[in-house]
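Letters A, B and C mark the chains as written, and numbering starts fresh at 1 in each.
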Amino acid sequence: MATADALTAGPATRRARGLPGADGVGAVTIALWIACGFFVLLPIAALAVLAGDGRQLGVLLQGDVVEAAVNSAVSAVSSALLAVALGTAFALLLDRTDVPGRRGLRLLALSPLLMPPFVGAIAWLGIAGPTSPVNLAWREAFGAPLWSIYGADGVILLLTIHSYPIVMLVVSAALKRIPSDLEQAARVSGAGPVRAVLGVTLPLLRPALLSSFVLVAVGNLADFGIPSIIGLPERYVTLATLVYRYLQSGTVDEPLAIVATIGIVVLVVALVGLLIDALVGRRGWELDASAAAPQPIPLHGARWPVGAAMWLVVLILTILPLVALLMQAILRAPGVPVTWENLTLDHLRTALTSETALTGAANSDMLAALAAVVCGALGLGIGVVVTRARSRATQGLAAVATLPQAVPGIVIAVAWLILAPRLGLFNTPWLILAAYVTSFTALVVQAVTAPLSATPSSAEEAARIAGAGRLRALVDISCRMALPAAAAGAVLVAVTAVRELTLSVLLLSPGSQTLGVAIFSFQQAGAFSTAAAWSLVVAVFGLAFVGLVTRRRS
Amino acid sequence: MKTLRRTLPLVAAGLTVAALAGCSSTAASPESSSEGEPSTLTVYTSEPQEKIDELVAAFGEQHPDIEVEVFRAGTGDLTTRIATEREAGEIQADVLLAADAATFEDYAADDLLAEYLPADVDALNPDVVDPEGFYVGTRIIPTVIAYNTTMIEEPPASWQDLTDPEYADQIVMPNPDVSGAAAYNAAVWATTPELGDAWLEALAKNAPVIADSNGPTSQAVATGAQPVGIVVDYLVRELAAQGSPIDVSYPSEGVPYVSQPAGILADTDEEEAAQAFVDFLVSEEGQQIAVEQSYLPVRSDVGTPEGAPSMDEIEILSPDLETVQGAQDAAVETFRDLFL
Amino acid sequence: MASVTLESVSVRFRGGAVGLDDVDLRAADGEFLALVGPSGSGKTTLLRSIAGFLRPAAGRIRIGDRVVADAGRADPPEARGLGMVFQQHAVWPHWNVGRNVEYPLRRAGVARAERRARVAETLELVGLAGAERRDPATLSGGQRQRIALARALVARPQVLLLDEALSALDEPLRDRLRLELHTLTRELGLTVIHVTHDRSEALALADRVAVLDAGRVQQIGAPEELLQAPGSPFVARFLQDATIVDGAVRAGTFRAEGHPLTAPCGPMSDGAARLAVTPDAVRVTPDAEGDASVRSALFAPGGSDLVIDWAGIAMRARSADRHRVGDRVRVRVEGARVFAGAAA
C-alpha cells in the first residue's frame, strides 16, 4: 500500500448536528400512521359505527341472510379443502418426483392465478354451462344436460380452480425449507419413497397446509364474480352477491346499515380464522437448512401414466377455458351448431372497438397505475420504518397495514361506500383508488419486509458513522436497498388492480367503470360473445405478462 | 442488480404513461360549462351497451362539442342509484333513458324531471308522449313469447298456455328488480282481468328460471337452455337475423309494451345539451338508427325493422297508465314472493 | 487523531441487564488498543458506546477534549467524527465501490472534484486502486472489507473503531489483512480501538490490551505485561489457558486442596488462595509409575498440546515430545502465580 502522507491533514469537517436525528424519523412515522389510519382504520371504524347499535342484527337472522351466509361458508370451506388437496398433490408431484415435463407443468398449473376469477367463470360457462357444446350434444342424445355448472357445485369447482395455485405456491415454498436430509434419513432407516414423503414430509407441511387453507378460505369467502355468474342463475346466493343485490336494487330499507352489519360479521369471522392460524400454525419447527437439493423420487413404471394424467388435468384446467372463450367469441349466433360457416370475427371486432370497454380498460389502467404508485410509496415507507427503525411507535404499523388482507373485498368496498359521501368521494373514480390502496398496500409491505429483515443493522450504522442522520441513513440505505422489492410489489399491485372486480363493482360511478366491471356488465346484459372476447384479451395479456417476467428471470 | 436498475426507470415510465393515458382519455370532469365551451352530458340508460354506443357515436357526429358519458344498468339498478344520489345530495344524471313510463311518472310526481317537448313532437306516435311534457317515448318495445325453433314444434299461443304443465322447467323470464320492462309487465299482468294474480300463481308452478334481464333471457332461449321465454321482441328479431333458431309467438290476449322514454332531470347543468340529445333520439336520424337496431320506432316515416309486424297487426295490452303505476310496486312484490 | 477517554461509564440494557459496569479507560492519541473478552463481556458494548449507538447511563465519554456523551446528553454517531468497520463489512450493495467510499465525504459536503481525488487516494491506500466502478457483489470478502476500511478512512477520522472487523474472514486472509491493518494504521498515526475475540490477534497487534469480563475491565496493559504478570486468575486463564487450582497459603507455600501440588509464593499472608499454572510452566516426563496420565494429546507445531489428568485436576501442558492417550507421566510445575482470595 502507498504511504499515507496526504491523509494526515486532519479530519473532514462534519456539521455537528445539535438536534437528535430521531425527529425526522418520528415525523415520518407519524405521517405513515396518519396514512394507515386513513386507509385502514377509518373504513373499518365507519363500518363499525354504522353497524354499531346492532339494530340490524335482527335482519341478519332473517332467512335470506342466513341462507347466503351458510352458502358462503360452505363454498369457502369446501373449495379451500379441495384447493389444499389439489395444490399439495401438485406441489409434491412437481417438486419431489420425476414426472415428465415438470417445468412446463409448473408454469401451466399456476396459470389460473393470472385469470381473474370472473373471467374463469365466463370461460367455464362455455365448457360446462347449459348451452355449451358438450351439454347441448348430451341433451340431444339423452334429453338432459350432462352437468350444468350453475349452482353450488359449479361455484365450489370454480373457486377451487382459482385458488389451488396459491396453495401450490405456499406448499412449494415450505417444501424448499424442509431439508431433504429428513426424508433421506427415513429412506436409510428402511422406508420406501412414498412412505417417506407421507410419513415425514407431509406432517412437517402441516403449518403450511393450515395457513394456505385459511388464506384460501378467507379469499373465497369474499369473491363476488364467481358466485354472481355461476351461482345466481340457480338462485345460489352468497353474502357477496346478497350485498350487491341489496345495494343495487333497493330491495330492503336502509341497505347500507344492513350491509355494514353483514360486513362486520364477515370481518369478525375472517379475523377468527386468522387468529386460529396464528395460534396453531405458527408453532413451526426449527429446521436446519440443508444445502443439498432433494432427490426426486423416481416413479418407475407409474411415471408415464401419472405424467399423462397430470398433463391432461392441467390442460383441462388451463387451456380448455381459453379455447372455450375463443369459441364463445367467434360463434356467429347463440344456439347455432359449431361448424366452420358459423364462425365469424365480426363480434370480436365490434367487441374490441366497443367504446365502453375501451374506456373501462383505460380507467383500469389509470387506477391501477396510480394505486401502484401510492401503494409502492406507502408500502416502502412502512416496510423500512418497521424493520429498520424499530420502536414502540412503529410496532403496530405493519400489522395495521396488512390487516386488510384478512378483510374480504366486499367489506372494504362497503366501508368505503359508507365513507364516500362524507369525504366528497361519492361517484368519483378516486373512491375506487382509495379502496385499492386499502386493499393492496399489504402486498408491497410484505414484499419489502422480507429482504429488509434479513439485512444486518450494520448497513445503516455504517451510514450513521459516516455522517448521516437517522432519517438520512434510512433513506439513503434502507429505502434504496428495498427499492427493487418495492417496485416488484408495486407491479404486483398494478396487475392485481387492473383485473379485479369485487371492489369496483360496488364502488363504480358513472364515467369510471373499470374493465372488470365492463366485462361483468356485458355478461349480465347477455352480451356473452363480447364478454368472452374481452375475457380472452385479459387472460392472454396476463399469461403474456407472466411469460415475460419469468423469461427474464431464467 | 444492474438489470433491475435499468428496468426500474422503464417500469416507472410505463406506469406514468399508463396513468396519463388513462387520465386523458377518461377526463371525467362533471364541471358545467358556459356557452361555447365543450360540455359533458351524463346519460343514465338501460339500453344495451352496444346500442347506446352507436347512438352516442352518431350524436357525436352532429354535436362534436358535446361529450356524452353513459352509465348503463338495468332500470331497477338505475332507480336505486338515483335514489342513493338523491340522498347524498346531487343526482349526477342529466338525461334518463330507461324502460318504462311508470318509473318516469313517479319521478315527474316528485318534481325531478324538467318539462321539455322535442322539436319533432308532432311526428311522433301520440301514445308515447307524456301529456304533461315531462318525458317522451323513443321506441316501442313489446314483450312477447319467444321459443326455440329446433326444440319446440308447436309454440304456446297465449299467456294462458304458459301455465300448461308441459312447459314446466322450460320457461325463462327476466327479473323485474332489474329490468324495467319486466317490472312494467308484472303490473300489466296483475291488472289485466283475464290474467291477474291467479295467472301469476299458475305460472309460478312451472318454476320458470328468472334471468337478470332480457339479454340473458333471449340467449337462453336461442341456445335451448330453456326453450320458451318471455322477452322483448327486438332481441328475438336480432338473434333470428344472425341465424339463431329462435322465433316470436304473439300471445292472443295481447302484448304489453314499454316505450323506453327519455326525460331530462330538473337539476341538470346541461339543459341545452340534454335537450339536443332528446331531440336527436326522436329525430328522423335517431329513429332510423333505432330501426336498424331492430326496434319498432315511434315515428311513422322511418319504416320498421325487417320481419316486424306493424303496430296495427298485433293485439296490444294497453291499460291505463295510472292504474299500472299504482299497481307496479305491489305487483313486483308479488312476483318476488312467488318466483324469487 | 485524538484520544478516547471513558470515565466511570456504565451502560444498562432494557430489562436491567448490565452492559458496562463503571468502566475507566483511556486510549492515548495514536495508540492501538485491543479489547478482548469472552462473549457477553461488554467489549462490543464499549465500542458501540464510543461510537454513539448506546448511551451511557452514567459516566462520561470524551473524544480528544470534547465530551461526546454524559448522563445529560449524547452526540449522535454522525457527529462524532469517527470511522468504523463492522464484522459484516456493510458495504452497500446498491452502490458501486466509488459511491460507497465517497459517502462520508458527501455527508460532509465536500465538493465533487475533491471527493473523487480523496476516494482514489484512499482506495490506493487499501490496495484497491482504480476499483471505483466495481459492483460490490463482484468482490471477494477480503476486498469488501478493504472497501469498508477505505470508507472508514476517507474522511480522516479522529479515531478508528474496528468491531470484530476480521472475524468473518477465513484464516490466511485474516492473517494478511491483520498485517496490512497494523501497518496502515501505524503509518497514519490513527488511534485504533479493535474489538476481537481472538486473543492471539489482540496480543500481536496492540500497543495495549484491555481484558473485559462481565462489563468490567479486568486488566489493561501491554501484551508482555499481561502475559508475565496477569492480574487475576481470570486473565491468566483467558489469555493463556492457565489451569486454576484452589488451595491455601501457609507459611509462604501454596498447598493445593486435596492435591499434591505445592508451590512457593513469596511473602503472602496466610489464607485461601488460587494458583494459576500456564501450560508452558508444566514439565511432563513419561514415567510408568507417575501419578498422572495423559487424557488428550493434540499435535501442535513443536510438540503437542496435552491435557493431563493429575490426581483429579485436568491440567493443560505443552510438551516437546509426542505422547499417547493413556500414557502415565510425572508432572512438575515450574513457576506459577498465586493469587490471594477464594474462587468467586
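Here is the rule we use: a contact is a pair of C-beta atoms (placed from the backbone, for glycine too) under 8 Å apart; a residue touches a chain by one contact, two chains touch by 3 or more.
A quick note: this is a predicted structure, and the numbers were derived from the prediction, not measured.
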- Chains joined by the largest number of C-beta pairs are A-B
- Name the chain with the Cα centroid closest to the overall protein Cα centroid. A
- Whole-angstrom distance, CA centroid of subunit A to CA centroid of subunit B, is 36
- Task: Averaging only over C-alpha atoms, locate the centres of subunit B and subunit C and give their separation in whole Å.
- Result: 87
- Query: Which integer distance in Å separates the CA centroid of subunit A from that of subunit C?
  - Reply: 53
- Listed in rising order, subunit B residues that touch 2 or more other chains are 1
- Note on the structure: The positions of subunit A in contact with two or more other chains are 483
- Query: Among the residues of subunit C, which are close enough to touch at least two other chains?
  - Reply: 93-94
- Query: In the complex formed with subunit A, which residues of subunit C make contact?
  - Reply: 51-53, 75-84, 86-88, 90, 92-95, 103-105, 107-110, 121-122, 124-127, 148, 151-153, 155-158, 161, 180, 183-184, 187-189
- Hey, which residues of subunit A end up touching subunit B in the complex? 129-131, 136, 139, 232-233, 235, 245, 247-251, 332-336, 342, 350, 354-356, 359, 362-370, 372-373, 420-421, 426-429, 483-484, 487, 490-491, 494, 509-512, 521-522, 524-528, 530, 552
- Can you list the subunit B residues touching subunit A in their complex? 1, 3-4, 8, 11-12, 15-16, 18-19, 21-23, 25-26, 28, 30, 42, 44, 48-50, 53, 56-57, 69-74, 76-77, 79-81, 83, 85, 88-89, 92-93, 148, 150, 177-178, 209-220, 222-225, 235, 239, 242-246, 336, 340
- Provide the residue numbers of subunit A that touch subunit C in the complex, in ascending order. 1-4, 6-17, 20-21, 456, 458-459, 461-470, 472, 476-477, 480-481, 483
